[in-house]
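Paired with subunit B in one complex and with subunit C in the other, subunit A is shared by the two complexes that follow.
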Partner chain A sequence: MKLRRFLLTVAAPVSAIVFAIVLCSVILEAAGYPAFTAFHSMWTYGNKTSSLISIADRAVPYYLSGLAVAIGFKMNLFNIGVEGQYRLAALVAAAAGAAVTMPAFLEIPFIMLVAMLVGATWAFIPAALKVARGVHEVISTIMLNTIATGVSAYLLATYFQEKAKGKNIDLVPKTKALPKSGQMPALNRLLRAIGIHIPVGSDLYGFLVVAVLIGIGYYLLIWRTAFGYDLRASGVNPFAAVASGVNPKAMVIKVMVISGAIAGLVGMSDMLGFFHRYTTDFPTGIGFTGIGVALLGRNHPVGVAVGAFIFAYLDRSAQILDLNGIPREIVTIMQGVILLSVVVAYEVVRRIGQAQETKAAAEAATRLEGPAPREPVPA
Partner chain B sequence: MTAPATPLVSGESGGPRPELIGGTARLPGKSKFVVAAVLILFLLSVARATTNSPDVTSSGTFGAALRLAIPILLAGLGGIYAERCGIVNIGLEGMMIMGTWFGAWAGWQYGPWWGVLAGVLGGAAGGLIHAIATVTFDVNHIVSGVAINILGAGVARFLSSLVFTPDTGGGITQSPGIQGHIGKFSLPFVAGGRILGWRSPDVSGWLERRRWFFLSDLGGMAKGLTGDISLLTILSVALIPLSVWVLWRTRFGLRLRSVGENPSAAESLGVPVYTMKYIGVIISGGLAGLGGAFLVLISSGIYKEGQTNGRGFIGLAAMIFGNWMPSGVAVGAGLFGFADALQLRSNKAVHALLLMVAIGLLLLSVLWALRRKPIRAAVCAVLGSGFLIWFLTSNRVPEQFVGFTPHLVTVLVLALATQRLRPPAADGLPYRKGQVQ
Partner chain C sequence: MSAAPAIELIGITKRFPGVVANDDITFSVMPAEIHALVGENGAGKSTLMKIIYGMQRPDAGEIRLDGKTVNLRSPKDAIAAGIGMVHQHFMLADNFTVLENIVLGSEPVRGLTLDLAGARQRIRELGSTYGLHVEPDRLAETLEVGERQRVEILKVLYRGAKILILDEPTAVLVPQEVEELFRNLRGLKAEGVTVIFISHKLDEVLDNADTVTVLRAGRTITTVKPADVTAHQLAELMVGSELPKPDTQESTVTDVVELDLDHVEVTSADGRPVLHDVSFQVHRGEVVGIAGVLGNGQSELIEALMGLRPVTAGKVTLHGQDITQWETRPRREAGVAYIPEDRHRQGLLLPSPLWENVMLGHQSQPPFERSIWIDQHGAVERTNEVVAKYDVRTPGVDVSAYALSGGNQQKLIVGREMMSNPVLLIAAHPTRGIDVGAQAAVWEQLKEARRRGLAVLLISADLEELIGLSDTLWVILRGQLVARLDPATVTPVELGSYMTGAGDEHAPLEALP
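Our next item is the complex of A and B:
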């Protein structure tokens, strides 16, 4: 029975992906592009070592973003504001990191701490508005995303921008670079040690380790602590949770703040491993991708990791499509279709599971009590 | 994700109101409405006169405000149709994006009115997807809506790469220009409209140029709202009374709302619940699509990627602000449109707005103090003084802040106004046929 349930659970995302591939093939063919060539070239390109390293590097921010969304989803709290939280956090953390120089074992945690604090503070605003004024977090977090963009542009231009040297005009506003101690080493040596040949120009960012630790921490927090129990209870049945002594308002604040703190780390992988500063070129949109990743992974740390990998894989492997003259935007559609069909598939699976349980219960009842007595035949 | 999506407001719900049975829309008291409007215009004239920035109440600003309010209004009306039948529609933004793309495509190929039609159909297609997911498959409404937003953006981008190729003068992020124009109209005797070719006097324009306190501001408003307005604007504004009539005066509207209040009871009376929900959500998408088409056909003349810029969400906020009523949505949309217009017109006008917000908050604080609500009064007083100090110690608002004025206004307004709202009772709840309540 347990195996069957597991298979059913896996069947949902797999069928969603198959459906998405079929639908996108139809779209591509209808638009006059060879669908098989498209997916075949994506597959070959995506499985090269350089691609896989790049995919891992992309997956880490997606994963953290997915976890930040997932912890809210666990109690039906929708933090759509990860986008604004991580961007503001990355900017302030970059500025703080550039301002002080400490040994690496202090510098890197310091930068991360600043990022988490900023993310948590920005997430506290919608939480407070919800608790005190009943403003739904979906609306307020979306508005705060736009506000965060404006605020960070202002902060960057007014306080944190590195002045261009001499007469060069800076086309891309950026903060000062982090000191050497604030740059996280790559994991390339580790890969070589296990016998993987690394192509020139590929770097596996060291932040992967932190992401794994956060994933484990997330699991422990949600499934192994009293707080996590209250959180899940609030999601499944808020009334029962309140009856058992959970303070729903405090819960909203705590979960949003934790979610914002995780969101603050989203930009850290790219910043500590590659950019070493904040620029206006910093990757955007990760917060929105995180929503899809969390949905795909059903808010479970392992599932979210798989979801992050799939989205990163699609992103990376789509780059080859341009060379074949196929619009790579098909991948955006594919991500949307996967997302929508996976939630539908989970619902279908849930119904199948429910029907099976009903059937099993009926059978068990029959075994215990014998067949239902027949109606007496009227004379 | 089968747990109920929480309705967009968690304020106290006051139980069913007689409005559903009695068949009368609870419009805001007309006199109260007029008083509020006059007061706001008065505050605006104070801000205009003291800061000497005519853009605060110029006809240009009000005209722009109207143009900018319409997409928000249409998204908000769309939100009403969905939520009145119990489906939360976060996907309005994605449906609006579909409206912009299809509106631009048909407008470029066949002309503007075809663009309007295509925009509506594009948005309605998004609504259909949302209905399939939420009604038939019981997917959490917010989850489905978020997915539709991602999908809408993806579809628009993909289609652009197919259709708006460089040789058409477009590109992946923008379309070629729209062919032709939608006609314009000016009200005779108020804004100098023509009657059978004869040009009537432009009373409000004359008044506006006098720079008299309050009267000129009134003139600017009248001129902006009645002069040179697009026929599509008139059509969109007409949808407000039409929606009131449809939702509160027809059998269809009663059924639609009953599904959003108590689907089990509606079903027991023979209302086809699923069908009503499908219709409501598809209309919702169509209206959002019309809003998108408006952006393309009237506001910009072309499709640009990202031009909806969160207007679907702001529309949703306007709907909440408007207490799920068409007239309330209209007020909300007007407010957000005005904030948007000011930031587009001039920095000085936004700076003047600071003063107005400060005065408004301080007045509110006094009001709360009189009603013996010390905490609210204190919060308003602190916020109001903050804005006042900001206004007095600066000459302009930083450029980067100006762009998010409407978004900030949205948050502030929701924070100050969500307490006495009543969403439809079954809003966001899953419903299976034959379920016991």
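Our next item is the complex of A and C:
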């Protein structure tokens, strides 16, 4: 039963991906591009070591973003504001990190803590609006994304920008660099230790470790703690949850704040591992990708990891398409198709599972009632 | 008249792996007949209804409508063939109006726009023809249970059903409403509509049906005319054993007050008082029944006691502690157990495993919680106890709650609440929509808990249950307690008249304190 359920669950995303490949092949062929060449080159390019490392580096922010969205989804709370939360968090954390120099074992946690606090604070705003005024979080978080962009630009330009030295004119506004102690070492040595040859210019960011820990923490929080039980109950049946003693308003605040704190970490991998500062080149859009990643991963930490990997893989392997003269936008189409079809596939799987279980329970009930037909009592 | 039956079932057989849910079921329903279908849960009624409504396909047998064999592959086919179904659990979109709910799925289109005005008109006409009065522009979430049912019936009539199937339509209604429902059904019959309804209440089956078909263990046992059988005989046909009664034996009431309401007042969101000056006590070992027509403040009373709705004036004391301002969780931890009115809405996490459902409402207490963690082992153990002790029929404790039948779900809820060792049990319609077997089990458990010293507040629409189980009976009308009756002497008819406010001149009525 358990194995069957697991296989059914895995069948959903696999069939969605297969469907997406088929559909995209049709689109490519119809547009006059060789579909096989496209997918073959993506596969070969994507599986190179340098690509896989780059994919892992991309997947980490996707993963954290996915988890931030997922925890809200678990109780039907839609935090569309991860985008704004992580960008503002990254900026303030970069400025704070640059302003203070401590030993690495303090500096890095300090920067992360600042990022989490900023993300949490920014997410607290829509939570408070929802609880106090009934404002739907989708509306307020989307608006706060725009506001966050403006606020970051203002903060960067007015307070945090590193002044250009001498006559140089800075085309890209950026914060001061983090001290050496705030730069997270790469995991390259670890890879070499297990016999992987690292191509020049490739770095496996150290933040991967933190992401794994956050994933484990997320699992324990949601599935093993009493708080997680309340959270899941609120998602499954809010009326029953309230009657069982869950305070729905407090729950909204707590979950949004946790979501925002995780969102605050989204930018940390790139910042601590590569940029070492916040610049206007900082990657954007990860907050929105996270929504798709969470959806693909069914809000489960392992599923979200797979989802983040798939999205990162597609992103990276799409780069080869330009060289072959194939429009890389096909990958965007593919991501969209995967998402749409996975929603359908999960629903189908849910219904199949439900039907099987109901059948089994009816069977058990009848069996327990013993030999069913009894002699009719004459009226 | 030699008209063909409106619906005829011949040898309907439906097998699930290891189970025959319907075994060679054969009976027919004449046009414009009110036909009752009775049987225990698990007797195959639901499966049969699903087959007639096209939700499931029979493995063998045929269905004839007006003498012609039909092939119903989906509810859509059934609706097209003029079959309409009113489910036991209402399926309304809360944030839609009555009107929107009714037209949902068969929207009246005029050009590119919705002809809502026309639909509103038709609904009003249907409503007045059959006496099913519901304001079309009210939001569904503001409707009481009885009104929701009316909307469901209207919805089916709106689609032009000529054969109406009702799954336990009276489970939630008081006698006056039941009478009204059957008046409506007879009105439908006069208009040529055929009615098939499932019921556990044998008296009302005998009073209102033209023909009764009894199912047991997936088979048609017999089809009888009500004039030819007594309720007792019918019950025996159904279960093959004695029909249980809800009567409590000797009084176990003590003088220890567990729950004390002192001039409690509750107002609705718009400032209207929905409970006014409510004062009563529940003692250890006492069952206090609240009788009333639905929508007279019972839900508000429950919500106020559960901490789901603020008390605007007055005082609520539980076990000597003033809990008036407490939130829900501390109340539950202080020993308030709750059997909700609608188990799907408030009592269960349907997609979650049984052991998570057994935790629900008690998740902050042992054996379910260990510091900040869930004690899954303790929860599974407790669930096994509930399943064994309360006869919940399930293949295991990892099964999702939706897989169980209504009776088994209810036994699970009753079991988890009883095993939480409560001080006070708030039981709202505890036997609504479950079969006589499960009903007897629930009654027995309530009586047992009362013997052990539990204080029980019983809110029910089943007057026999109220009279049979209660030590003290209050009548609630428009948010006020209007009468205190002695269940030993009051009859359902008297009780009914108090509930509608017509009973002021009746004896025996104790003076209000």
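Rule of thumb we're sticking to: the second predicted complex is superposed on the first by the 357 of 379 C-alpha atoms of A that agree within 3 Å, B and C clash if a C-alpha of one lies under 4 Å from a C-alpha of the other, contacts with A are read in each partner's own complex, and residues count from 1 in each chain.
We adopt the following convention: a contact is a pair of C-beta atoms (placed from the backbone, for glycine too) under 8 Å apart; a residue touches a chain by one contact, two chains touch by 3 or more.
Just so it is clear, the model here is predicted, and its values are computed rather than measured.
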Go through the superposed model and pick first if A:Asn47 touches only subunit B, second if only subunit C, both, or neither.
neither
Taking the superposition on A as described, I'd like to know which of subunit B and subunit C A:Ser244 touches: first, second, both or neither.
second
Check the residue A:Phe227 against both partner chains and state whether it touches subunit B (first), subunit C (second), both, or neither.
second
Quick check for you: in the superposed arrangement, does A:Val138 touch first (subunit B), second (subunit C), both or neither?
first
Given the touch rule stated above, what does A:Val236 touch, subunit B (first), subunit C (second), both, or neither?
both
Taking the superposition on A as described, I'd like to know which of subunit B and subunit C A:Phe78 touches: first, second, both or neither.
first
If I apply the document's touch criterion, which positions on subunit A are contacted by subunit B in one structure and by subunit C in the other?
236
Can you tell me which positions in subunit B touch subunit A when the two form their complex?
1-6, 8-11, 90, 129, 133, 137-140, 142-144, 146-148, 150-155, 157-158, 160-162, 172, 309-310, 313-314, 316-317, 320, 398, 400-401, 403-404, 407-408, 410-411, 414-416, 418-419
What residues on subunit A touch subunit C, complex-wise?
224-230, 232-233, 236-237, 239-240, 242-247, 354, 357-369, 372-377, 379
Note: in the complex, subunit A contacts subunit B through residues 27, 31, 73, 76, 78, 80, 129-130, 133-136, 138-140, 142-144, 146-147, 149-151, 153-154, 157-158, 235-236, 288, 291-292, 295, 327, 329-330, 332-333, 335-337, 339-340, 343-344, 346-348, 350
Tell me, which parts of subunit C touch subunit A in their complex?
16-19, 21, 42, 216-219, 221-222, 224, 228-229, 233-234, 236-237, 240, 306, 308, 327-333, 338, 340, 345-352, 356, 359-364, 368-369, 372-374, 376, 393-395, 399-400, 402-405, 408
